[in-house]
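This is the structure, below, for whatever I ask next.
Each chain gets a letter, A, B, C and D, in the order it is written, and its residues are counted from 1.
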Amino acid sequence: MSYTTDEMMTVAAARVLRDGASCFVGIGLPSTAANLARATHAPDLVLIYESGCIGAKPTSLPLSIGDGILAETADSLVSVPEIFNYWLQPGRIDVGFLGAAQLDRYGNINTTVIGDYADPKVRLPGAGGAPEIAASCKQVVIIVRQSRRTFFDRLDFVTSVGQGDRSTFSGAGPQTIITDLGILRPVDGEFTLTQVHPGIEAAQAVEATGWPLQVSPDLTVTPAPTDEELAALRKLAG
Amino acid sequence: MSYTTDEMMTVAAARVLRDGASCFVGIGLPSTAANLARATHAPDLVLIYESGCIGAKPTSLPLSIGDGILAETADSLVSVPEIFNYWLQPGRIDVGFLGAAQLDRYGNINTTVIGDYADPKVRLPGAGGAPEIAASCKQVVIIVRQSRRTFFDRLDFVTSVGQGDRSTFSGAGPQTIITDLGILRPVDGEFTLTQVHPGIEAAQAVEATGWPLQVSPDLTVTPAPTDEELAALRKLAG
Amino acid sequence: MARIATLAEAVGELVHDGDVVALEGFTHLIPFAAGQEIIRQGRRDLTLVRMTPDVIYDQLIGAGCARKLIFSWGGNPGVGSLHRFRDAVQHAWPVPLEIEEHSHAGMANRYVAGASGLPFAVLRGYTGTDLPKHTDTIKPITCPFTGETLTAVPALNPDVTVIHAQRADRKGNVQLWGITGVQKEAVLAAKRSLVTVEEIVDTLEPRPNAVTLPGWVVTMVAEVPKGAHPSYAHDYYVRDNEYYKAWDAISRDREEFQRWLGEVAR
Amino acid sequence: MARIATLAEAVGELVHDGDVVALEGFTHLIPFAAGQEIIRQGRRDLTLVRMTPDVIYDQLIGAGCARKLIFSWGGNPGVGSLHRFRDAVQHAWPVPLEIEEHSHAGMANRYVAGASGLPFAVLRGYTGTDLPKHTDTIKPITCPFTGETLTAVPALNPDVTVIHAQRADRKGNVQLWGITGVQKEAVLAAKRSLVTVEEIVDTLEPRPNAVTLPGWVVTMVAEVPKGAHPSYAHDYYVRDNEYYKAWDAISRDREEFQRWLGEVAR
């Protein structure tokens, strides 16, 4: 079955979630990937949304992190302060799935501002729950399309922390960046291309990156999406 | 209708509660008095129990602060941390009703220990919610039988604060002590006999007090319990 | 006991020029009707507080009601940017907008501290981010037992909090269910509160996952059916996603927005 | 996903000599059966934690299971004193009992801090009382914004928390309702947890005022009908007030107590 680069990215992201794990999910690509995992190899994946839905089991993709279907299907529904304080902060959630407007080689993310903070070129939405997801989940997976508009050498603003000072945080931070071209993992603290999707050359990923992207000598190739994965994804996307 | 001194005390305590007020209720005499007020002149009195029951409307007297009837009839049922943090601490509750094992002329209460803390003569139950009730309700009413076993010159232990340093607290502290003999109110920071129940002489109250009890020159006499009050009380007591 | 009034009366009485105003509702139960009534009544110089200033705050900001925004995520969920918010921050249109920016956990805990009668809350967060450089309501605090350094944020105590709920009874006891967000904390933290509801009923039946706010902690209640539209009210109506998408086009252009405003303000 | 086991297996596996153990339940749903199983299995040197050590802790203390008690109110509710607790504190019988004493608000907030992954909690309290003179887990803390002095208490993170609930499903999701006390916090604060339940069912139906603890935050679940007796389980059975009254006589006398213990420990 043929597939798009977005489908490959989403399938690759879904695969990193083991069955039974708990996953804090942002909206958009992260939510799609997490729901795909639940629909395929990880039926007991626990989806947690910052709106307070723990163990949500949506049958179609939610449009926001607070859709009614998430509340209706959740094992437990709690307040927003509780989801951050009792569930996220203590480090009891296995994986945080995040998107990013801009990120750097350390996995720092900027979703706040482009240009000067006081006199911005573009004002972005801001932090939301991302800083705490990045701080407190046992590990973080970033899902983002790879381009020089996103993969920056130097961020104008650090909204959530990557491989920097994590001494006050309970989690290990970003360990995986999954893009439409491949997968990056930290090597000596710097995100390095360790895997490419089928048909992608490492040079394409280097070209799409705003810092001098290191390429692993042990570069592997992602197995193509299976028919089952694609069927499940397309069914979800409705 | 004839009545006991305990009945007089309970009726006098009930009368201080205005309709529509919110009242944080301890078990025993305070609970009886609060429920009597609700059954008579204050049908919209809001009873709050530390077990998390807000607006409980028991039809018979609960035996503990956590009886099922309190949960079943509450307007809102919340966790124990929430009742202390969101409801009691900010000072939004009008009246706190407390009992006491020992108290002094400043309205300080001891429910912790008689004798030395490390080597006690009698180990009492301890603080419970009393320190926070005394600290945070807009005002506190203490309901206790008057005797030298209870009204002490000097406490072995201050469990909850009376007229002392209240700078970090939101409430005004104890304003009324209601006993089986009369009512004490603070005059220049010292609890003074301001009212006696019918048939009680001030001298009896002085005799029953372990400190040199001051008697107000404007001493008044409590109106005797009405038939309606007594009937309601006896119906409650079942 | 909360007083029951019309929306216009309640906003007129409770929301004043210069107030600190929180309209809360996390995706669900956003008090749109009350927000638009604030626009209609022409309030000015408000400090608007909200974790997720979405379309309703874009409308208030575009209408020139606000001089400051305290927030943690300002987007049009599922659609993109808030163009009136961006225009205010980037070009001071129609008036300059001061911002005080936090994370969700920081904002939630600021309401918790406010509801708890504490001057501050403690959390793990902000360390290593650029937020503390620009937001002076983020400070370090040391644990007196372990010596560990954590982060403190000050309490939020709005002059008035506005929320929308499914139901109230005639005494002004309020019941909301589904995703209940930070509404309880926002009401309990505020000096005054207004709750708009889908309907006023004789008796609030107990139901799963419901939060009940007793009438004695609510200042006023107004019956406003569809008062959360275009957001949703669980068991009443679903989110009007088309409205959110249409807002993108309306809000991108100052003239288009002015036309919209002329219609709403009428 | 919680493992489902017998009570004896679960206590044997989760509760070790020397552990910090919290059995929680505020008046309602007190895990009596689990406490008595700890006695039967002869655990020693436990640090027992509980807001309201009532009859079950009197039994554990009298049986010599505890070396320390962390608590805020130690009485027999509606009856009077806990005589085994008093005997231990006043006469070190059967073994000395160290105490660490707080108020209810302090204990509740210590669990909240523990559940939140924070080293301490802040509250208004203790000032002017004699508690800080004798309890070194109470310290002043200054608000970094207002300069006000408040009180800090350290997090409680028990090695194991034991609670009783009405129901669990076969995946170990736990549901409790009625007065839910501090149980959620006590479980989330603990390294391990055991939940005894009235019954294990196929599906947990949503119900008003219910707290649901997902199976992945619970270590083990044991089906123990009447496991809260003589306390009560809302919608299952009422409090056995006679048991509480009878305990007064049993516990006043060491020999009477020993007879009782001989029967339970068998």
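Just so it is clear, contacts are C-beta pairs under 8 Å (C-beta built on N, C-alpha and C of every residue); 3 or more make two chains touch, one makes a residue touch a chain.
Labels paired with UniProt names: A, B = Glutaconate CoA-transferase subunit B; C, D = Glutaconate CoA-transferase subunit A.
Note that this is a predicted model, so its numbers are computed, not measured.
**Q** Please identify each chain that touches subunit B as well as subunit D.
**A** Correct list: C.
**Q** What are the chains that subunit A and subunit D both touch?
**A** Chains that touch both subunit A and subunit D, as defined above, are C.
**Q** Weigh A-C against B-C on C-beta contact pairs and write down the one with more.
**A** A-C
**Q** How many angstrom lie between the centres of subunit A and subunit B, each centre taken as the mean Cα position?
**A** 56
**Q** Could you give the separation in Å between the centres of subunit B and subunit C, each centre being the mean of its C-alpha atoms?
**A** Measuring from centre to centre gives 40 Å for this pair.
**Q** Taking each chain's centre as the mean of its CA atoms, how far is subunit A from subunit C in angstrom?
**A** The mean C-alpha positions of subunit A and subunit C differ by 28 Å.
**Q** Quick one: which residues in subunit B touch 2 or more of the other chains?
**A** Residues 85, 89, 136, 170 of subunit B each touch two or more of the other chains.
**Q** Can you tell me which residues of subunit D touch two or more of the remaining chains?
**A** In subunit D, 112, 117-118, 123-124, 148, 150, 184-185, 209, 211 touch at least two other chains.
**Q** Which pairs of chains touch one another in this structure?
**A** All touching pairs, sorted by chain label, are A-C, A-D, B-C, B-D, C-D.
**Q** Can you check the complex and tell me which residues of subunit D touch subunit A?
**A** Going by the criterion above, the answer is residues 1, 112, 115-118, 173, 184-185, 188, 211-214, 216-217.
**Q** Under the stated contact criterion, what part of subunit A meets subunit C in this complex?
**A** It is residues 27, 50-53, 63-68, 70-71, 77, 79-81, 84-85, 88-89, 112, 117-118, 120-132, 135-136, 157-161, 164-170 of subunit A that touch subunit C.
**Q** Can you list the residues on subunit C that touch subunit A in the complex?
**A** That would be residues 26-28, 51-52, 71-75, 77-78, 81-82, 85-86, 89-90, 101-105, 108-109, 111-112, 123-131, 133-134, 148-151, 178-182, 184-185, 209, 211, 232, 234, 238-239, 241 of subunit C.
**Q** What residues on subunit D touch subunit C, complex-wise?
**A** For subunit D paired with subunit C, touching residues are 117-124, 137, 139-141, 143-146, 148, 150, 152, 154, 206-210.
**Q** What does subunit A use to touch subunit D in their complex?
**A** Its residues touching subunit D are 20, 22, 44, 46, 54-55, 75-76, 85-86, 89-92, 136, 170.
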